[in-house]
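Notes for the one structure printed next.
Note that the chains take the letters A, B, C and D in the order they are written out, and that residue 1 is the start of every chain.
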């Protein structure tokens, strides 16, 4: 029992080795590798269930000879909260990968993909059950580097190389922040273990500020909080889709987990921590979805939605922190439960969306939204999966996204009703922001779904697309079913949430959030579905009663010869909304010059590069690089100069230190 | 018993409201106008008609009207009519209510895009754009109401306590009522946001999205739109007219009176105002948002 | 401490200035040789008692520093037909001035260090520092590789002076090792100069700047 | 006896190598020497020999380093026959002999307890390296050699002056001047402070030159850039580490004198300066061998910084000493393989960190790194292609380079991670928070600089112009894999013996 999770980690870590069978036996190796991942995931899921009910049964505490290290494995409800989606999504992704990235189609890198996939999953699981900083960081980096190798799978393409370098640099920046964080924590507590008790009492104000800033940067970089999200769109867009699903669905959440876990060390955090997190959440949420609106690349668009959803999670977590600072358990419970449930939900629906997007890419060979269209008829299962994912990610009832957003909303309304100025400000800022985020998400996903799956195909390749096979639709079905289950019966997951929240803030009562109203929500959802059924049945009955003519073109206000090219494009659809946010998004337009009565053929092209990366970080690099290069003038090859440096060093050192 | 009345009113009354609004407009224009019950006749006729569907469309096209109507009907079950409780009430029903409309919008716009027509795409784009701006305005209003009421449910915020709050926080509530009314006009696609009477595709929002629908589906759309007006009107009336007479049946009459007033107001606005230019629409919605926000600030000051 | 030591050290310092001021390579080599011989003599007179190690060190210094190295270097320039150091990097007069300033600074620095009773008032420490500085100056300002080697030699001479005060701290074996290292070092440098001539046709170190960022 | 054997056996083998008649067999003397040395080292370390003479003995740090250098040399020596087989026509006789002599000299530095002897051995190291650096016999290596020799010799001379100052500090205190370490440590409290301090400064700069600390590091890129990978390995992992040990021995005297803070302050500043200089010079550096040289400068800075911070960071520095020595082997040997196959030391242009015209307006900002450096114009390299696509073209060497890069930058779970984390938390725990933050920031700059170049090499399409017959061989890969495994092992598990060895080393340095 104790070794359930470590066994799962070992199985997944070694799964890729099984995949290294010689080319003749590649398919067997592939099946073996995926089988191991699935087996490991099953053990892991079992372990995470145990973690909810009997955390102590999974505790492992062994000495480890490295300085400061201990093999301290602890699976409490908080870990389980993150472990469960990890294992679920990774198993789904692994099965999907069998058909999406087989050795037969990718002889050069499919084995590597499977190897790194297993390692990444193992790293993720290690992060989640480590209760010692050294173990945590080992898991952290295995995860990050495994994902790096996965992102760089198709490194022959320059775009992929760029994305993987940006990812590597970003993840290292985060890891270094964590070095600092744990170093500082060690300086305060004298230990690198997570069983710290209250840190706050022993730390000075400056140290507390430092700790939070380091944690926010380190974990925020991984989570992709705006403006630390720079690596995210490129990495998600360029990785194989099941990897994108794993990264977006689970890997980002490690940043959230880190924040949740480490803030739990502080029973009364400074108020500004929560406020800062809420601020980050609002910015990430709104700008994330705004960026998503302007994207042409299906997977980049989904990636920006991850930024948005992480923003929602940060909003909930920030609310919980504010609640803890102010001693308001209602805020803590609702905020945290909302954030944690959204971790599950986002893991499920974003993985679903990425898998569906991957199916589209697999079938059509393009990620360009404006080249797609009409896939709903050609890939009905994929289209349905994407529709479910879209409705869920927009936070619309009756699916799961709504439940977590509802919890956050309830917390925000609660905060807004508080007499404390910081609390009601958080509520007054958060609730409308969340509403705006939701509405923009609807706009964005209607756009994607409409342009990709509805209407007519915009290119010949798309026209010939076929539905993907069962290995790919199966995982999508499983994820979609999970979305629906949580949406329709949210009360089922409340005990788990309550335990996790209780682990985070022991002062909370055993029950967080309005379980009763969630039961009512199920009823309301049932009513909604019933009404939909009734209306649909009526319409079907009427359609049968009166003849329906189907074989006609779209009316199009009487235009006789509409072509697919005349359809509304994704860019046009989002143009007005993107225009509203132009101050932050800085979209660029390439407008053809039309001159004369018979102008040349021209193409309007808009693009929405990442502002933080494109306008801030890369220019900064471009600025600093030559500055540093200028320093090189100091070593122009003359040995005289070098000797002079030594003389200067001797004289200066003797003058300074004697 | 009263729940039954609630359901009956929700099902039967909406088309009448549109008839009244049209009659008001006709009066303002000095015309006689169509009969007040015209929409009932239209719906009956549409339900019997056959349909023409483009070969481009899929099941999503038919799901649009279905979901739009179902979400509105579901929302109607959440809103207390006057002093009477709603059949369905739970913590967070306000949020559920708001998101139901978003769900309806999602499928309406998806259905529009399913036709592959540039016109309907354009309409869809406008719909989601203005919807995105109306949402924060609605939530600012809800914030004010929940802060006054102390819980996130219609039963509380529009409950008996509201009358007392009118005494102490009248300015905030006035602002919120106005803001909600603006949201109502926007959500139901009335002037000054949209003109339900015009058929000039390029300037329309809602009408242009449903160009390809016909027959029973179009009937569902029209019925759903009317019901939406009814539901949102009930919310506005609930905020603006929190009076309770003590007698249950008298309360129903009071509510109907309120609805009549609200509908007449819609008609009046429609008669005395011109449709806004599309670029000016966001400004009005932001104004509504600010009104509620000011209401909130007044409350916590 | 013998009375002869200080005058000898003054001569050493004068040779330093001469080395900084001369533009002829051969003169520089001769100066270094003279300095080497002087150091050998200095080893004999530095302590009142004369021990075996003193004699051995003196002999080693005279043979290596006074004869072997200069001969090696002289051979190199004969092969190369190098006569003059072209204008040093900072000019002869400035380098002389800098040398004088350096000598003064060395005196100042040495006076800030507390001296052992035996060296009270002697020029051993300042002389050593000034000579090291002179070596450094030659190394950093002279273009010809060969003059740089002379500079290195002078620098080592400075160390030698310093070491004279501490003869008893250095076991004989270590002393031999040091001289051997020095010998091999100069020898290797000589070989490199030879290769350089073959490779570049010159021993001007200004040419050796292709390795850089 | 064992200690003497550690020095004399390699020297004897060097002599044998000079005389051995069969060229094809000669390189195999190296693994022989490596094995013998490793066995002797283990005997020496395990047996804890009594200090036979006051001159020779192993202090705890030397114990650690001896084994590390021995392992490093063994790996290098196994690599060498494979390497030399690919370089026919070169003077293998002197090369082999010098490699063995270098091993003997490094052992001598490690075992020397007399500071004069240590100096002699270090200088001898410099001289033995000269023929190794001139192995390729071209103008560039000659230039590198000249700089190496001149800068190194002058540095060593300064160190000698410092040694004399130290002896003088005893003389001034009225003690019998001695350069035996244990005498000096014992008399430390009575030594004359001004002489001690000035002496330490001089020693630090002198031996710091051999270590390659900024600003005395200038020889390093040139020498490492022109040296073959295996010579770079021994210089970066062996000689530099030994020079660090030399400094630590003087620091030990300072600590014993109760003046540890003085030394630490210097080391703190010098460490940060070295890391900063290395970081600055690594930015956009495409010549990967010079890049590795700057990485060596950086890591010497980290070692010095660790000791400079003191407290728990000292243990980190000790760990890093061993880890860095091993990981340098991985990097230099892998780089050697790559250089040999591609015939180029220049990495392809990295993607991703320069704004494209679409992604900002600075697209056309002059990228100075894009201008070919003077080296590219030399005829030997003019025709060579920039290195890219290693993972496709040279999967083993490419993967080793990538992993070595990750290891050298302190990625968990490599040993370097443990050491760097220990240094960081030591910094915070001893109140050097600013130094800790600066350290982390500089590590990031280093990572960006090094990462963009290494990635540009590892990734991308394989160039078609590289001759197909050049590929990785077992002998040029297996030793490197073994070294990498050592580094990885040190990051996962420290055997009890090693654990105490590290603790003892730190305690020796910090303790009375």
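Note that a residue touches a chain if its C-beta (ideal position, glycine included) is under 8 Å from a C-beta of that chain, and two chains touch if they have at least 3 such contacts.
Nothing here was measured: the structure is a model prediction, and the numbers come from that model.
Taking the mean of each chain's C-alpha atoms, the chain closest to the overall C-alpha centroid is A. When the interfaces A-B and A-C are ranked by C-beta pairs in contact, the top one is A-B. Centres computed as Cα averages put chain A at a distance of 35 Å from chain B.
Our note on geometry: chain B versus chain D, Cα centroid distance of 75 Å, whole angstroms. Averaged Cα coordinates give chain A a centre that lies 69 Å from the centre of chain C. Remark: chain A and chain D have CA centroids separated by 41 Å (rounded to whole angstrom).
Counting partner chains per residue, chain B has no residue touching two or more of them. Each of the following residues of chain A touches two or more other chains: 629, 632, 635, 637, 639, 643, 654, 658. Those residues of chain C in touch with two or more other chains are numbered 112, 136, 139, 148, 205, 208-213. Each chain pair that touches appears in this list: A-B, A-C, A-D, C-D.
Here chain C touches chain D in the complex through residues 112-116, 118, 125, 128, 132, 135-136, 139, 145, 148, 152, 155-156, 158-159, 162-163, 165-166, 168-171, 173-174, 177-178, 180-181, 184-185, 188-189, 192, 195-196, 199-200, 205, 208-213, going by the rule given at the top. Those residues of chain C lying in contact with chain A across their complex are 89, 109, 112, 136, 139-141, 148, 205-206, 208-213.
Every residue of chain A that touches chain D in the complex is listed here, in rising order: 64-69, 108, 133-134, 137-138, 140-142, 145, 152, 155-156, 158-166, 168-169, 172-173, 175-177, 179-180, 182-184, 186-187, 190, 192, 210, 234, 588, 607, 609-610, 613-615, 618-619, 621-626, 628-632, 635, 637, 639, 641-643, 645-646, 648-650, 653-654, 657-658. In the complex of the two chains, the chain D residues touching chain A come out as 143, 146-147, 150-151, 154-155, 158, 194, 197-198, 201-202, 204-205, 209, 215-216, 218-219, 221, 262, 265-266, 280-281, 283-284, 312, 315-316, 319, 350-355, 358-360, 362, 365-369, 389, 391-392, 406, 409, 411-413, 417-418, 420-422, 424-425, 427-429, 433, 436-437, 440-441, 443-444, 447-448, 451-452, 455-456, 458-461, 491-496, 499, 502. The touching residues of chain B, counted against chain A in their complex, run 47-58, 60, 62-63, 65-67, 69-71, 73-74, 77-78, 88-93, 95-96, 98-100, 102-103, 105-106, 109-110, 112-122, 124-126, 128-129, 131-136, 138-140, 142-143, 146-147, 150, 152, 201, 211-212, 215-217, 220, 282, 289, 293, 296, 300.
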